[in-house]
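I am attaching a structure below and will ask some questions about it afterwards.
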Amino acid sequence: MKLEGKKAIWSEYQKEIADDKFFYVRSCIRQNFFPGSEVAFLRIMRDVLKKDVYEHPCHTTCSGIGYHGDVVPVETAMTVVARQFALMTEAGYSNYIPSCITSFGLYTEILDTWHHFPEVEEKVRKQLKKATGREFEKPKNLAHASDVIYKFRKEIAAKAKYKLINKNTGEPLKVVDHIGCHYAKMFPSKGVGGAEYPYVLAGMIEEWGGQIIDYPERRHCCGFGFRQYLVQANRGFSVACSKEKFESMKPFKPDMIITNCPGCPMFLDRWQYVINEMEGKRYGQNGEGIPVFTYEEVAGLVLGYDPWDLGLQMHQTDCEPVLDKIGIEYSPEDKYNLEVIPSHTKNHNLINV
Amino acid sequence: MVSHKMNNFGFKISQGRQIDYDSNDRRIANYIYEREPSFRLCIECGGCSATCTTGNHTKFSLRELHILIKRGENKSVRQDLKKCMLCGKCTMVCPRGVNTRNVVILAKQAFQKSDEYAI
Amino acid sequence: MKKHVVVIGGGVAGLEVAGQLSHSGIEVSLIEKESKTGGHLNNWYKLFPDRRKSSEVKEYLDRLSQNQGISLLTNTTIEGFHRNRNKFLITTNKGKELNADAVIVATGFDLFKSARKEEYGYGIYDNVITSADLEEKFRREEIVLVNGSVPETIGIIHCVGSRDEKVGNFYCSKLCCVTAVKQAIEIREQLPESKVFCFYMDMRMGGAFYEELYREAQEKWGVNFIRGKVSEASETIDDKLTIKVEDTLAGRPLKMKLDMLVLMAGMEMSDGGKKIAGIGGLRTGENRFFAATDNHTSSNKSNIEGVFYAGTCTAPMNITETISHARSAVLEVIDFLKDGKS
Amino acid sequence: MGKLYDLLLEDVRFEEGLNACMNCGVCTAICPAAEFYNYDPRKIVDEVQTKDDEKITELLKSETIWYCGECMSCKTRCPRGNAPGLIIMALRGLSQELGYFVESEKGRQQLAIKRTVGDWILSTGYCVYLDGITVAMHPEQGPVWEWVQENKADLLKRLGGNYKGDGPGILRKIPEETLDELRKIFEVTGGLERYEKIESFSKSKAKEMNLELTEGIDNEYFRHIYKTNNGTHTR
Amino acid sequence: MQFDPFVIPFNIGLYFILIYVVARSILWFRDLSKPDKLRLQRGFFGNAFALSLKEIFMESLIHRKILKTNLRLGYMHMSLAFGWFLLIFFGTIEADIFGVKHLNAPYKAIFFRFFHPDHGRMGFEAAYGFLMDLILAFILSGLLLAVIKRFYSKIVGMKKTTRLKLTDRIALTSLWLIFPSRLLAESFTSGAYGTGSFLTGSLGNWLATFLPAQQLAYPFWWLYSISLGTFFILLPITRYMHIPTELFLIFMRNSGIKTGDKAGTYTEVQTYSCSSCGICIDACQLNFSAGITNIQSAYLMKAIRNNDDVSEIAHNCLMCGRCDQKCPVGIELSPIRMIQRREGEAENDIRNIYKGYFRSRQTVISEKSPASVNYNFLRGNDPAKADILYFAGCMTHLTPTIKNSMIKILDASGVNYSFIDEQGGVCCGRPLMLAGQDKEARELINFNSQMIWKSGARTLVTSCPICYKIFKESYYLDVEVLHHTQFIKTLIDDGLVKLNFLRKKVVYHSPCDLGRGSLVYDEPKEVLRHVSKLESSNFEDGNSLCCGGSLANTKISYADKKKIACDAAMELTRNSPDILATACPLCKKTFSAATNTRVADISEIVAEALILNPVKKNSTIHVASLKELANI
């Protein structure tokens, strides 16, 4: 493996990412499965990086899951998205950052379609006006939340309390990055590092002391496949995809998996449990699973946030092995203790700073 | 082997359907290569399948069978082979002079032998 | 006084042109950017379909261009290109100024830069090489992997950088198929134990004795041909390469491990050519090669009177075609010069 | 000849998704669905580009168009700039418009998606909503999920969410007027029409299969389409 | 002197072989099937016996057939066989008349001169002696040819001669020694006693002038006896076993025993009756066109005798039947080959033997039709009812002009027919049988039979000789089966088609399965004569060539097939005819690729000559006449 080769490619795909004044849009899936991550994102952006991140109370789903579940027609999805843009415009922002990859993909796709088919854009504007009376500007800059963290990875590193290093061996942790399919597969130029060797997460890991490992099924989909998971009868396919990835990464002995997609971390986490239940297979070292994290969780850990504030107790595959390797302090007994309400939470769920 | 605690998730883990070339057994193919070298000459034009008497009655593609044998996808081939009537039209139309008829005969043999002598 | 023609590019076409022109008493300045002439011919070991040594053709061209009438300028590039009345004023990187009655552009082709096909990992995965790299190995008669061991299974991917919108090349480079077959045979010759797999979309064997070579590869050398465009290659923990391809004729995806992967890089307009197109205002086509005024009747004429094309700077060609194209360029020039336009 | 093809052309995704296909198979090669399902996107594209109504009708009624996971890996690679994934989406759309989706086991599942994701969008403003992700319907979510479901309110509070609260924040309550806007958008843009088609075609199919189909998800037909897998989809 | 030790080797040999032959024949008889036993018994006391005697005389002694095909070779065989017979015959008489007493032991006749050295000085004795010498000379002349043949086979007009195994060599040498040693023994004796006739006498006297004849005679008598003894003892394990076996063969054949489709006494007798004369090798196109010289029937028989693996040989054959035609011993070579193929298959997969290829009548009824295992996907939709069924056959579908011509002819004739495999149809099953896969073939036969029965037709017309042969032999249809040439013939005879005379030079190639295979030689030619100038070739009827396209040979390469086709086409087009006519789609396809002369199926030529004026529809006269024709 020659790294120069990858570096060359990475240097080719450097997208423009805004510096401040972000209009933040939440992810349905992550709000349900990784609420801690979105909280952590805002903490980091606001407290650590001192950025202006605005969240509009009236924004909704982008309808992406419905769209890719084929129950929501394309024009409907476009109009729902147009409404989100309208909210942004009204709030006086122009840098749009969705928390969800499916959304990010949908936004990119829609903007691209509008670019090639202006008549479609016109139609959507009319429909939005008719339905809601709203009008919108297209975002000046569209980036995924992980792009922003990637942009400020050095700043985060500077303030880091921990490094992704095995404190016992001094070796960097071996990290597998999993990029959501809709991040760059549809529009390689819209992703940091492109579609084949995405750098968005790799960059963070490098910066924070870990080592990214490349393995054959790196590009493989986690298997969500929308309808393929949403309907129980199809889940055999969904799990099979993740299994394919685990089988492929096992020989490289990864310490952890990092993701930037809403569904992926949940599936990579839960399917490990299912496969173990059904086939008695585990893919981590000494009989454990491979802990799966969102990039915010990892950033949070690096910055020394409390694991249980980050919501790591919501993982089915235990994350402790990694915490121990890094040497992060945490109280095992508080894992499921719901009494504690940390002070920081207050300002991050309600008001926009 | 860890004992399975829970199993009723309401689905089975799907098995892959890729041709896994490395783990496939190509001894049937080699058996044919040795005895009918023209087997190598196929350019997969499909002439055989187009004229095939059996293919006129049921889903049966000699071209596909040839490829599957070459890839070592023996299971799927074995049953299908029996559908061939050996009428020989394929041999007549083959632009590369592949002795297709003999290929089928040899393949059948190879499969029968494969049981006895574990080819 | 003697007419003077500047020939840009010292590859097969350039040498042929220079040779022929000087033989008909025309003064020639042959400009070559490299230190020696011969172009891609120098990097090729043997030629299809008869697998003769490329050096033999090189010798012919050298003999042809060993002529008083030819002044050879190596390590030279064109910086200026002006036309005043019927003369061309050409300035080189060494500040030399050449006055020419006519110019022949023979800037040839560049091989597609395979790293642009990211999913194949050229320049990233150790044992992914290009057809040109393989020729080098042939010449040294040692086909080995980076770790020094001898490969057992070798995959050859056709159409790398050709017929591919993703890299902006819609056209077929036309010679990669037969090159692949030739190289497959050479591999089997040098490594009798090896297994070779060609992954193709169509076998385009449109040349004298190409199809016969294809047949030989199957019949005599047992080369395996699988119809399908390889989708991606990745490196396994044991430094092998796994590829994913659809065996389209079996209608099933196929997965296999290979020790070595050879990419059949296509042909592209050379950078040198692009540069000259820029400074000289020469028209290029959609495929970025030079566009002749008429592809059927005057494939050598450029949009500028007195400037002619020879060889693969206009389209992918094999050596035979290149030489004939060069000769027809010579006729055009002579015709042009005697019309006394200058 | 070509009537259905013209209908497909009305879908902008189809126009984006299909240029001449040369059957190279690069899509099938990396397609996760093709890896496990008896599925070959290349063949689908090839059949569609014949513009043959008969073939397309067959596709619209088939299982095969429902295997795709819409990961769009195919779009990345196609040397002809096609996007089989988008073509599939167009086919699925048309299949539902014409009511052909109920002819296949996988197609019938559309009702399940409509009655979960589809309805959540309009009733909650979320595609996926905590209260809907029940342990019963999601055993694979594991023990941790049981704990989450039992303590969702406290847990979200502890993590700094705004579960069913006002203003911004995680799983906040989406204001009624916003939901009205959503419904209006669906009405104007044909979203509701799509929902109704799925409902009505499914109802008649349920009758045909004589499975009772009432509102919501607690009925024979829903359970049937949600759980049944006749095992012919994979190898 | 009545006895001398040197006769012992001869005696041992003689009695051994006599006992062996008797024992062997008893075993053979025992292994015969009941019906065949009956046949043989009936034959033995019927006129079959007389017939056989005649045949034995004509074939085993005179070797008439060989004489016909190859004079020199025939003379060689005759001189040895017939000559030796005469020698023994007259020798016995000699010993009886001139001996001390009547009814002597055999050796007395064989070594007569030793025991009566001074016999034959004058008168009748001398005359008789002359006769004996004459016979000996006759034999020796043949022997000389044999020796020459062994070393330069061309001289006896043969391209190839059979190779030998060790025992054969020894037997051969001893055989060769017999008569020279007798000559010398007798000569020396005569020389010593001044007796003997023109050969032994003169040779003896001359030898005696410079050699001690007295002393030299005795060792040569030993040699004579020993070579006879060795020859007899080796007989059973050498090809010379054919000498006694052939007698049985002739009896059995004349008693109406047939090869059938599984190995048994008759096949064994046949394989042992092969004298490896090599005529089949010369007849074989694989030999003289493709240069393949190790698979011909003679080698097959030898391989079977030696229990070698015959699978390769058995399948490397066009099954054209030229060797059957030419075999002087009349061995049913192709049937035996088929048995080998079938048994080869049986090795792979234990299957109960299905009757099929060459069936004997009584097995037909007992036969059960098996349920389709391999071809259960076949769906038979009821065919249209019609008097006449037209079955084009797979190969005909590859040569549409033949199919279309037949349709044109059928329509013009106005007969009431239905085209049963218009939409493709199912293979007749013969290709499977040729590969030895009778079980599978049987499945197709049953399927097609069903269809034909359902159609209620009375006549089945096919364009493909391959189909024709199997319809005739292995289907049990209550319909008459006709090849389209026969059918067209009747149409012409009944005036149901009107034809022009085409001024075209035509040469006819008789397809193997139609001609030799089914003995349909004349109708095709008569049809051709009716519409064109039919010219004869050097390869008519039974001697016709194979086009090389035969499905029966799975072993030879496309290139070899092509060679055979080209050679055959060249031979047939020597007098540059306008059309090379054939009656088989496969031949047509094969020849078309092998010659520039136009190749056409008879149906095409007829269709060309057809005068299309409306004929009254649904005439039924023809059916009767077809019935008549069926009794040919």
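Going by the order they are written in, the chains are A, B, C, D and E; count residues from 1 in each one.
The rule is short, and it goes like this: a residue touches a chain if its C-beta (ideal position, glycine included) is under 8 Å from a C-beta of that chain, and two chains touch if they have at least 3 such contacts.
Since the structure is predicted, the reported quantities are computational estimates derived from the model, not experimental observations.
Peer 1: Any chance you could name the chains that touch subunit A and subunit C both?
Peer 2: Where subunit A and subunit C share a partner, that partner set is B, D.
Peer 1: Could you pull out the chain whose C-alpha mean position is farthest off from that of subunit B?
Peer 2: For subunit B, the chain whose C-alpha mean is farthest off is A.
Peer 1: Going by the average position of its CA atoms, which chain sits the greatest distance from subunit D?
Peer 2: E
Peer 1: Looking at A-D and C-D, which one has the bigger number of contacting C-beta pairs?
Peer 2: Greater number of contacting C-beta pairs: A-D.
Peer 1: Using the average of all C-alpha atoms in each chain as its centre, how far is it in Å between subunit D and subunit E?
Peer 2: A distance of 75 Å separates the two centres.
Peer 1: Centroid of subunit B to centroid of subunit E, CA atoms only: how many Å?
Peer 2: Centres of subunit B and subunit E (C-alpha means) sit 40 Å apart.
Peer 1: Report the inter-centroid distance (CA atoms only) between subunit C and subunit E in whole Å.
Peer 2: Result: the chain centres lie 66 Å from each other.
Peer 1: Residues touching two or more other chains, restricted to subunit C: which are they?
Peer 2: 119, 227, 232, 247, 251, 253-254
Peer 1: Return the residues of subunit B touching two or more other chains; collapse runs of consecutive numbers into ranges.
Peer 2: Only 6, 9-11, 14-18 qualify.
Peer 1: So which chains actually touch one another? I want all the pairs, not just one.
Peer 2: The complete list of chain pairs in contact reads A-B, A-C, A-D, B-C, B-D, B-E, C-D.
Peer 1: Using the touch definition from the top, list the residues of subunit D that touch subunit A in their complex.
Peer 2: 11-13, 15-16, 30, 32-33, 35-37, 66-73, 75-76, 83, 89, 92-93, 96, 105-106, 109-110, 112-114, 116-118, 121, 125-130, 133, 137, 140-145, 147-148, 151, 154-162, 165-172, 174-175, 178-179, 181-182, 184-191, 194-195, 198, 225-229, 234
Peer 1: Residue numbers of subunit D touching subunit C in their complex, please.
Peer 2: These residues of subunit D touch subunit C: 22-31, 34-35, 40, 42-43, 77-81.
Peer 1: Residues of subunit B touching subunit E in their complex?
Peer 2: 38, 51, 53, 56-58, 82-83, 85-89, 92-93, 97, 99, 101-102, 105, 108-109, 112-113
Peer 1: Using the touch definition up top, name the residues of subunit B that touch subunit A in the complex.
Peer 2: Residues in contact with subunit A: 1-7, 9-16.
Peer 1: In the complex of these two chains, what residues of subunit A are touching subunit B?
Peer 2: 232-237, 239-240, 243-244, 274-280, 282
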